[in-house]
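Can you keep this structure in mind? I'll have questions shortly.
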Amino acid sequence: MFLLVNLKTYEAGTGDAAVRVAEAARDVADETGVRVAVAPQAVDLRAVAETGVETFAQGVDGIGYGSSTGAIHPGAIARAGATGTLLNHSERRLRLAGIDDALNAARDVSLETVVCANNPAQSAAVAALEPDAVAVEPPELIGTGTPVSKADPDIITDTVDRVSEVSDTPVLCGAGITSGDDVESALELGAEGVLVASGVVKSESPRDAMLDLVT
Amino acid sequence: MFLLVNLKTYEAGTGDAAVRVAEAARDVADETGVRVAVAPQAVDLRAVAETGVETFAQGVDGIGYGSSTGAIHPGAIARAGATGTLLNHSERRLRLAGIDDALNAARDVSLETVVCANNPAQSAAVAALEPDAVAVEPPELIGTGTPVSKADPDIITDTVDRVSEVSDTPVLCGAGITSGDDVESALELGAEGVLVASGVVKSESPRDAMLDLVT
Amino acid sequence: MFLLVNLKTYEAGTGDAAVRVAEAARDVADETGVRVAVAPQAVDLRAVAETGVETFAQGVDGIGYGSSTGAIHPGAIARAGATGTLLNHSERRLRLAGIDDALNAARDVSLETVVCANNPAQSAAVAALEPDAVAVEPPELIGTGTPVSKADPDIITDTVDRVSEVSDTPVLCGAGITSGDDVESALELGAEGVLVASGVVKSESPRDAMLDLVT
Amino acid sequence: MFLLVNLKTYEAGTGDAAVRVAEAARDVADETGVRVAVAPQAVDLRAVAETGVETFAQGVDGIGYGSSTGAIHPGAIARAGATGTLLNHSERRLRLAGIDDALNAARDVSLETVVCANNPAQSAAVAALEPDAVAVEPPELIGTGTPVSKADPDIITDTVDRVSEVSDTPVLCGAGITSGDDVESALELGAEGVLVASGVVKSESPRDAMLDLVT
């Protein structure tokens, strides 16, 4: 079970608030033994990593060191303390060649990669590029509170099936997940972890929200 | 064996010149029995299709009818006489979700789909989306006259291998192909056809160039 | 007064239907003496131009002849009969440098240019690039039937003011315009023409809709 | 005179090395009284700002707080210590509407804005959007060591002229500037500051390189 908390650019996931969510995530991981990681904005990444929580970037560009103003360099992310990165989130979709380039650049600096996809077909396509995990997230359910594991369970099972035909890449899922029940359903359907965002970040107590999700 | 001639935006493949290449392609197909198609710019597509040659779009957008100023609508392309479309050419790379959307929109109007990819990994990813064919074209060889089938034969065999693990999608190849020898090598390596562009369009006699390629 | 009818990718503005709207536009222009142009999809452009109506592209790319698969080449558009082009429509926004490149490429082949912008500030920015006209269209009103000239008249007067400080580029306006009253308001506010789309293309009689707009 | 040092994603401008360049910039500003700012990657921004140097982002997105995975939020940048931001660098070109959105979002959090442009016409367009400064940088000279102020002085004077017709926005210039002579030429031509990158970041002693530029 892997819980990946995407802070997006929520105000409640920015700056000092990002650090507080990160500390809560670190404590929940320590207390429960469940793997929990946090994905902050790039500008907050170092401060989040310094809490000791497992830290992912929200994305990286498939570049080496050089003349790339405004890019997110995988090596810079790794030096700041990240051990992984999301890629191709539906709010930051990449070209197919860009996913491939970013995967190669992330592997060069030993960042773990979780590549998002909208549906089973795209998930299978991603699996062919051999990331560390693929995360299926139907865009229409993101941020709704209607969990993918209940609203559209076939998406998870179809994704697990389609991906397994291509490679042994583990499948995560996300979109609308806010309770431990939602997580349990997802795991029963074959997912090995979940992506969450507003359900944790915007809750009154991110700690309680995470505890509810992982226990 | 399938010869797909991409007219790009070469002056020698625009307007009346596009129609002349199309007529030559139609004649070569008729005389040799080899399948030959031509992919003109959208604005020349109807005139090219009216020659009777098999006609592909250079790309379509994954949209339905509606408010999409400046888009290439698959249905409009089909009505104008196209029977297929290229997608994700390295000169017009799409997001992964965009390839999936465009494939679905093309299938809705029965357009045959040939999706380009840069390398074996991306080709396998494309194959998971189940187009009618995948075309591997190393971008660094496009337009060079150095044929992929000689400069980098492993790219073709690796693509055929990787794609076959994912689906039974046929593999085409392209980049730098200018002679019948190049084509023969490509077919021996497992490709079922080739994409050509400058080698035909910019030749003094597109007819002779195509005859050389297919016989 | 200039009436520019954007056919977008409406089914009622595609293929044979595009030609019928074009014929109606040509007749309305002939009968009333008002300038009327039609902007079809690229694939329908030649057939529309052959009706004799003034024909605009929905956009062009800032490229010369060459290796640009899937692009809209200004010269190819001009050869097919277009005399002008829209640029930067809110459904196909361009980078600032891309607008500049496309304007230069369009001027090289003597295409008239109408560059869209969302608001007065962007319109003034466009005016500094010296297109033949700027068209202000608040995106939130496009397709609503709520005319910009009534819902937000200040946008038109502010645009005319801001643009006049930068250059003597004429200002068109669009979004939600469906009646002759809407047009009259726009002209009184300082616009020299209007962009329309669904109000004409999707009407039962495009001819009657255009007659209502121009008289 | 304003010296803005863009660290891009150079290895010599990443992580600890970014902090060292920032400390040198801070000291040069203190010792000479010349305004010097440093623009690091987002992930290094907080550490750079903590040196006390004036800190710019390399770019921000025109968004508010919310669901924007992977975006650079202006408010998050400001909270981390930035007081300004580059926008539309030629290595990260924005759509016209995106520049406008980003300017508005940056102004909301009181970030100073320096918008890059390729040539005099684009600079005048940018000036109409009323940023705090426009920086003209011919892309073909970036990173060459051939200074814009010598290779193409007309670009600077034309930009100053064109911009002054639109607004009183100050003009900076960049591309190829590596010596105090280059800077002096730029200022004589009407620029009020310069953008530098490799000339400082990749030099053996960024401190000496900056001292040479400002004295």
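The chains carry the letters A, B, C and D, assigned in the order they are written, with residues numbered from 1 in each.
Keep in mind that, in the parts below, a contact is a pair of C-beta atoms (placed from the backbone, for glycine too) under 8 Å apart; a residue touches a chain by one contact, two chains touch by 3 or more.
Treat the numbers as computed from the prediction; the structure is a model and nothing was measured.
Most remote from subunit C, judged by the distance between CA-atom centroids, is A.
Look at where the CA atoms of subunit B average out and do the same for subunit C: the two points lie 33 Å apart.
Subunit A and subunit C have CA centres that are 43 Å apart.
With centres taken as mean Cα positions, subunit D sits 36 Å from subunit C.
Residue numbers of subunit C whose C-beta contacts span two or more other chains: 90. Contact topology of the protein chains: cyclic, one closed ring where each chain has exactly two touching partners. Only residues 88, 90, 93-100, 117-119, 121-122, 124-130, 162, 165-166 of subunit B touch subunit A when the two sit together in their complex.
Subunit C meets subunit B in the complex at residues 6, 8-11, 14-15, 39, 41-47, 58-59, 63, 65-73, 75-77, 79-80, 86, 89-92, 142-143, 197-198.
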